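Each chain carries a letter (A, B and C) given by its place in the written order, and its residues are counted from 1.
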Amino acid sequence: MKLGAQPLVAIRGLSVAYHGGNNAALTNIDLDIRPGERLAIIGESGSGKSTLALAIASLLPASAKISGAVEWPALPGPPLGGRDFGFVFQDSSASLDPVMPIGKQIAEVIRTHLRLGWPQAYSRAQDLLARVRLPHPEAVLHAYPHQFSGGQRQRAAIAAAIAAAPRLLIADEATSALDTLVQADIVRLVRRLVAEDGMTLLFVSHDIALASQLADRIAVFRHGEMVELGDAAQVARQPRHAYTRALLAAHISLDTEPLLKRPALGNANA
Amino acid sequence: MSRPRRFASAPEAVAGALILAVLLAMALCAPLLFPGDPQAIAGPALLPPFQDRALPLGTDRLGRDVLAELFHGAQTSLAVGLAAAAASLAIGTVVGTLAGFAGGLVDEMLMRLTDAFQTVPGFLLALAFVSVVGPSLAVVVAAIALSAWTGPARIARAEVLSIRERDYVANARVVGMHPLEIAFREILPNALPPVLALSSIIVAGAILTEAALSFLGLGDPNRVTWGGMIAEGRTVLRSAPFLSIVPGFALVFTVLGVYLAGEGAVETAAIRRGLS
Amino acid sequence: MRKPLLTASGLTKHFRRRHETIAAVDDVSFHIDPCETLALAGPSGSGKSTVARLLLRLIEPDAGTIRFDGEDFLALQGAALRARRKKLQMVFQDPLAAFNPRATVARVLDDPLRIHGIAPRAERPHRIGTLLERVGLSPDLHRRAIHEISGGQRQRVAIARAIASKPSLIVLDEALSALDVSVRGKIIELLLDLQREEKIAYLFISHDLGVVRSIAHRVAILDGGRIAEQGDARQVIDAPQSAIGRALVAAVPALSPIT
């Protein structure tokens, strides 16, 4: 990370309210996304974390009232989905068209943004499917999303998101619908892809432990406000804000003292 | 947003509601504004409209007041339309819910029955039924419902099949609810909205079918109907076209109003779900 | 040695998909003692939810037996089964989907009271108030619609509904997964309280091994429809013997950042 380099995305005074202003989802957010970093946005429901991701991707509904700015200093104009950033949703059926073969969807992204012909686009698509470790990528090209499991669909969605080599990958609760084994796989995959391609990663989650594994910096959101921002190690070990401390205290890990008070082991029949 | 305000924000809903309000007013005020028998002679025959203050729309071949007939005809059309729609929705929903919920042999039998009724063209079935049983308002309503129930039945069944798999139905079974209670208290009310969306089409179709039956002389002979009026005007179409055009316009107006109001209701439901 | 409350032996369920038959649950046997929590853990597709649905008779097994409270549970049908359901209840993962979209809190709690004759009609509103207080909610909540209250409140209502008929066993199918972390702790406290005071056993289905280790007495780890490992919860999770057990434990995100 170069100190003093301009941010990839500069968010200044961003406020978002849904339903024509009645429902404040974000209040006055100032945040820089530095090039090459992995930034995690942590919060519970109603914190505004998904709203922030959608705002950066210009995916907010038309009825939302937005004030403040989301700027991309390195770009000459407004950002373009696919070319400048890729988005992976929690539900893969939001990322992937259910009636189009997977290969065609990825190839379409490549064709649109890299201006290649169909044969080259398909060939690149197959390479991407191999990179995300989907078995038999040549068969996956012609298969439909419903033929795969949740974890496999999410891998395909990630392939589609990075197909045109965007600078920023936004993952909005991308592993929340997956079980722990698949989640660990996807986290490893994302870490590898981001490192290989030099992408910036914006990772939205409710799981602070997951964030601490993947992120360089963590931003904690609560009721539409950013209450803490810092290095992942510092936020996870020595949080400054009471809310972050409460979140960490509520997290049940494998080391936490069990809540079930039982008689000494040896009495129970196994 | 409250439901009336949502409804008011969709222009087609407002237009439809206004039209229906006018028609309802016509139907309700008919006996007040035009007391007595609308089929009684009111003036000279074939008086053109806008000539006589007391007979604004003129008279027909027998000298009956066209405006009075129009208002009384509104009663028949709306009554038949609403009654036929209610009957077909009720029958169709019950059949569809039973089929979807019971599954297996019951489902098969009920669906084959639905197929049978659906393959016969609705109007011909109504025609045959009225011809055999005899023309009266109740028979006309039954005749229309006889074929219109199949649409709601299919939609209700499709909804039930999907709702059946939802968690709250499983929850009801876990709590120990009796299957019939589950079908009619948990599932049916939630299966209704798409079925009700059909209602405006059924009402419109019923009104037109009734008009067609009356046109062919199979409507209730004791009542004034717009179809009957059009039939009456057929013989003097060249010399007094207004006799057929006026009730024809009324029909178009009514069907349009029903359709727009129905669309408005669908829009309102969509707004509530945040789809627009 | 206490007699088990529920004993499942050799449960098997196949699903047919086009040309292949998949064994969703394959020869699964376990028991649950009164007042204890048995957790079912495993990756998605391992059969945990299928086992739950088999136990609750939402689907029928192809083979195997279930003895509940001393009788052959699978032999019950119709009205006899519905009556026995009083003792065996469930809390679902998604508290919004678990209720009729048109329901109110009062109606949801009235159903089990009415169906199992727990209280005569005049007494039911009072009972509903008591149930709401028992799960930490205000009795005034009874007139609210289910979709109006928060996720945490909804899950408390679901628990209130489950305990209304005084069951001896409640199946919790990922009942905490949809809740915020800060709400989860309080719901766990409530469940443990209820277990102690009302003497309820739990079958706790979860993929979160941290929570399993924290609140379960014993755990059975499923993989591909079979039980790979079962035993004391803390022992199994601290030192898993099976490959899938080790993989699941390793996959739990730890709170230490990796640079």
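Definition applied: a residue touches a chain if its C-beta (ideal position, glycine included) is under 8 Å from a C-beta of that chain, and two chains touch if they have at least 3 such contacts.
Computed from a predicted structure; not experimentally measured.
**Q** In the chain contact graph, what is the shortest path length, in steps, from chain A to chain B?
**A** 2
**Q** Write down the chain pair with more C-beta contact pairs when A-C is set against B-C.
**A** Counting C-beta pairs in contact, A-C comes out ahead.
**Q** Which chain has its C-alpha centre farthest away from the C-alpha centre of chain C?
**A** B
**Q** Using mean C-alpha positions as chain centres, tell me how far chain A is from chain B in Å, no decimals.
**A** Chain centres of chain A and chain B, defined by C-alpha means, are spaced 52 Å apart.
**Q** I'd like to verify one number: the distance from the centre of chain A to the centre of chain C, where each centre is the average of its C-alpha atoms, in whole angstrom.
**A** 31
**Q** Roughly how many whole angstrom separate the Cα centroids of chain B and chain C?
**A** Averaging C-alpha atoms per chain gives centres 49 Å apart.
**Q** Enumerate the contact residues on chain A facing chain C in the complex.
**A** The touching residues are 44-45, 149-150, 178-184, 187, 206-210, 212-213, 215-216, 232-233, 236, 246-248, 250-254, 256, 258-260, 262, 265, 268-270.
**Q** Which part of chain C faces chain A closely enough to touch in the complex?
**A** Residues 1, 33, 37, 43-45, 151, 180-182, 184-185, 188-189, 192, 207-211, 213-218, 231-232, 234-235, 237-238, 247-259 of chain C touch chain A in their complex.
**Q** Across the complex, what residues on chain C touch chain B?
**A** Listed in rising order, the residues of chain C that touch chain B are 53, 56, 58, 82-83, 85-86, 88-90, 92, 94, 97-103, 111-112, 115-116, 161, 165.
**Q** Which bits of chain B are touching chain C when the two form their complex?
**A** The contact residues of chain B facing chain C are 166-168, 170-178, 186, 189-190.
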